[in-house]
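In the part that follows, the structures are each spelled out as structure tokens.
In what follows, chain A forms one complex with chain B and a second complex with chain C.
Up next is the complex of A and B:
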């Protein structure tokens, strides 16, 4: 995994409730960098994140809207956040219920902007 | 009920060529075990391909599974075998009614009612579809040429679950788990109806969201918020077998999107309940 990318994600991984962060190749769903509490999940999560984003892009394309810039999947015991960067990388965050979505969203959009 | 299923299953296993499969299929269906009921009736039909009651049961199971086109074909087969089959006329009438084809619905429901004059509920349904009791005074029209009810999505949505909500025809869309539009609609800025495409995408999104939540052991997912430069959207499952898309302008506060989506989900649940 790339050290430069890991530095970029470091702030995110220390935020409240965050269990892990990944940079994922949007095209092939492969993890490029990052750290998850359960690291063996990274390849599967990367693939799922890329597929989920691709499906949402299909929807926005078909309905004539602009591409998604932030996704927030809320579940009973946690949340999954995706911030696509324009160079075909996706910033992925996994957090528990205690996470604060506002600061997380801003940080992920900031990382995506830097990858732009 | 479980006892009866066991007994009928044993009888059927002892003599697979008997007609007990009809009773077993009925009981399984009544018990909500539609997959098992389907298996049983298909086995029966492989032995008795021209048995009208087996096709009728098959059609009713397919309706339970929301395969309306398949159900139409089965009831159509029944009417070819037995032109005066009450159940098939009722079933086809229901399918036409559901598709908004009232003339055809009325013909088949009235045919069923005349074959079964004791069925008060059926008589009331005929009068409701006809818009009044005077229907019984008019002569029965000629049989229409039946075609499976298939109409463009916008026309098929006879009853819009979001009719009373802002954006009910272009900002709120309800889809089933197979990616077919059920209500509401989705339009591009140019006004093109893209409900069918959007519904298909929604079903895929719901599947991927569920997979992600499962992988991360996060429990059931409740909603997916999507932020674009021009719009914000919220995707959620009002029921286990449907998905809702709510879209509002990007400038609108996020809290309002959640409010709109929750309200639409409530309307969708009530509407789906009425359809069942």
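Up next is the complex of A and C:
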């Protein structure tokens, strides 16, 4: 199961500027599969990503909008990207400033679509 | 939030704030309560501490019997709330943390901040361990009552 997930993320991890990609359990905030350059950060990243998505979901729902399809956080040194794949999984991408956001976004949405 | 040893309070407060835990109980591996947050009744607390210590002992023994690397965490997830039982080594011996949390936080987040709590507790432990004395029945009862007073303000 996990090997299949890794295969799914492989294209994403090889894209320009990508430092890591994870599949995260939305309910628990625990990494299910994936790889990060700084692997020890995976549990914290997974937990914070799932928490962030849950908060944004609450916000959009309470303001009468649909649940978000994609989250893009721009930091000084890079990007954090989240694509909810279903109620159970989130595709998380971490990239540097050199990453090309367009192709990255498309690839993450494609992965999310396949996981639905 | 109350603690038998005051230096435990700050790391525990940080953990509770960051993890959004509803209840937190720190005990020694023998079930002696070190600190608590959110518990209201002494009887429940003591029972839970003893049960937690029992789970740690039985989980450790299962791993030993099977030749596995010892477990360090047990998580039970329920519909409305969940709990995480984690045990770790400190300069004061092995301690056990029981954390009860709800849908306002996530298991992964509680685990991440639990790791930080362990680091903070180890860093905050005063250098000198308390003097070891022979345990007498009268002392035990007096210390138990003092602990209950410290934990529940009674």
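In the analysis below, the second predicted complex is superposed on the first by the 114 of 116 C-alpha atoms of A that agree within 3 Å, B and C clash if a C-alpha of one lies under 4 Å from a C-alpha of the other, contacts with A are read in each partner's own complex, and residues count from 1 in each chain.
Following the convention adopted for this analysis, a contact is a pair of C-beta atoms (placed from the backbone, for glycine too) under 8 Å apart; a residue touches a chain by one contact, two chains touch by 3 or more.
All values derive from a computational prediction rather than experimental measurement.
J.: Sticking to the clash and touch definitions up top, decide whether chain B and chain C on chain A clash or fit.
T.: In the arrangement built by aligning on chain A, the partners chain C and chain B fit side by side.
J.: A:59 in the overlay: touching chain B, chain C, both, or neither? Say first, second, both or neither.
T.: The first partner, chain B, only.
J.: Angle at the Cα centre of chain A spanned by the Cα centres of chain C and chain B: state it in steps of 10 degrees.
T.: 70
J.: Is A:68 touching the first partner chain B, the second partner chain C, both, or neither of them?
T.: Touch partner of A:68: chain B, not chain C.
J.: Is A:17 in contact with chain B, with chain C, with both, or with neither (first, second, both, neither)?
T.: After superposing on A, A:17 lies clear of both chain B and chain C.
J.: Would you mind checking which one, chain B or chain C, touches more residues on chain A?
T.: Ranking chain B and chain C by residues of chain A touched puts B first.
J.: If we overlay the two complexes on their shared chain A, which of chain B and chain C does A:79 touch? Say first, second, both or neither.
T.: Once the two structures are laid over each other on A, A:79 reaches chain B alone.
J.: Contacts for A:30 in the overlay, against chain B (first) and chain C (second): which applies, first, second, both or neither?
T.: second
J.: Looking at A:43, would you say it contacts chain B, chain C, both, or neither? Reply first, second, both or neither.
T.: second
J.: Please give the nearest C-alpha separation between chain B and chain C in the three-chain superposition, to the whole Å.
T.: 11
J.: Across the two complexes, find the residues of chain A that touch chain B and also touch chain C.
T.: In chain A, residues 44, 48, 51 are touched by chain B and also by chain C.
J.: Taking the complex as given, what residues does chain A use to touch chain C?
T.: By the definition above, chain A touches chain C via 24-25, 27-31, 43-44, 46-48, 50-51, 54.
J.: Can you check the complex and tell me which residues of chain A touch chain B?
T.: Of all residues in chain A, those touching chain B are 41, 44-45, 48-49, 51-52, 55-56, 58-60, 62-80, 94.
J.: Provide the residue numbers of chain B that touch chain A in the complex, in ascending order.
T.: 186-190, 192, 194, 197-198, 201-202, 204-205, 208-209, 211-213, 215-231, 233, 245, 247
J.: What residues on chain C touch chain A, complex-wise?
T.: Against chain A, chain C makes touches at 77, 105-109, 111-112.
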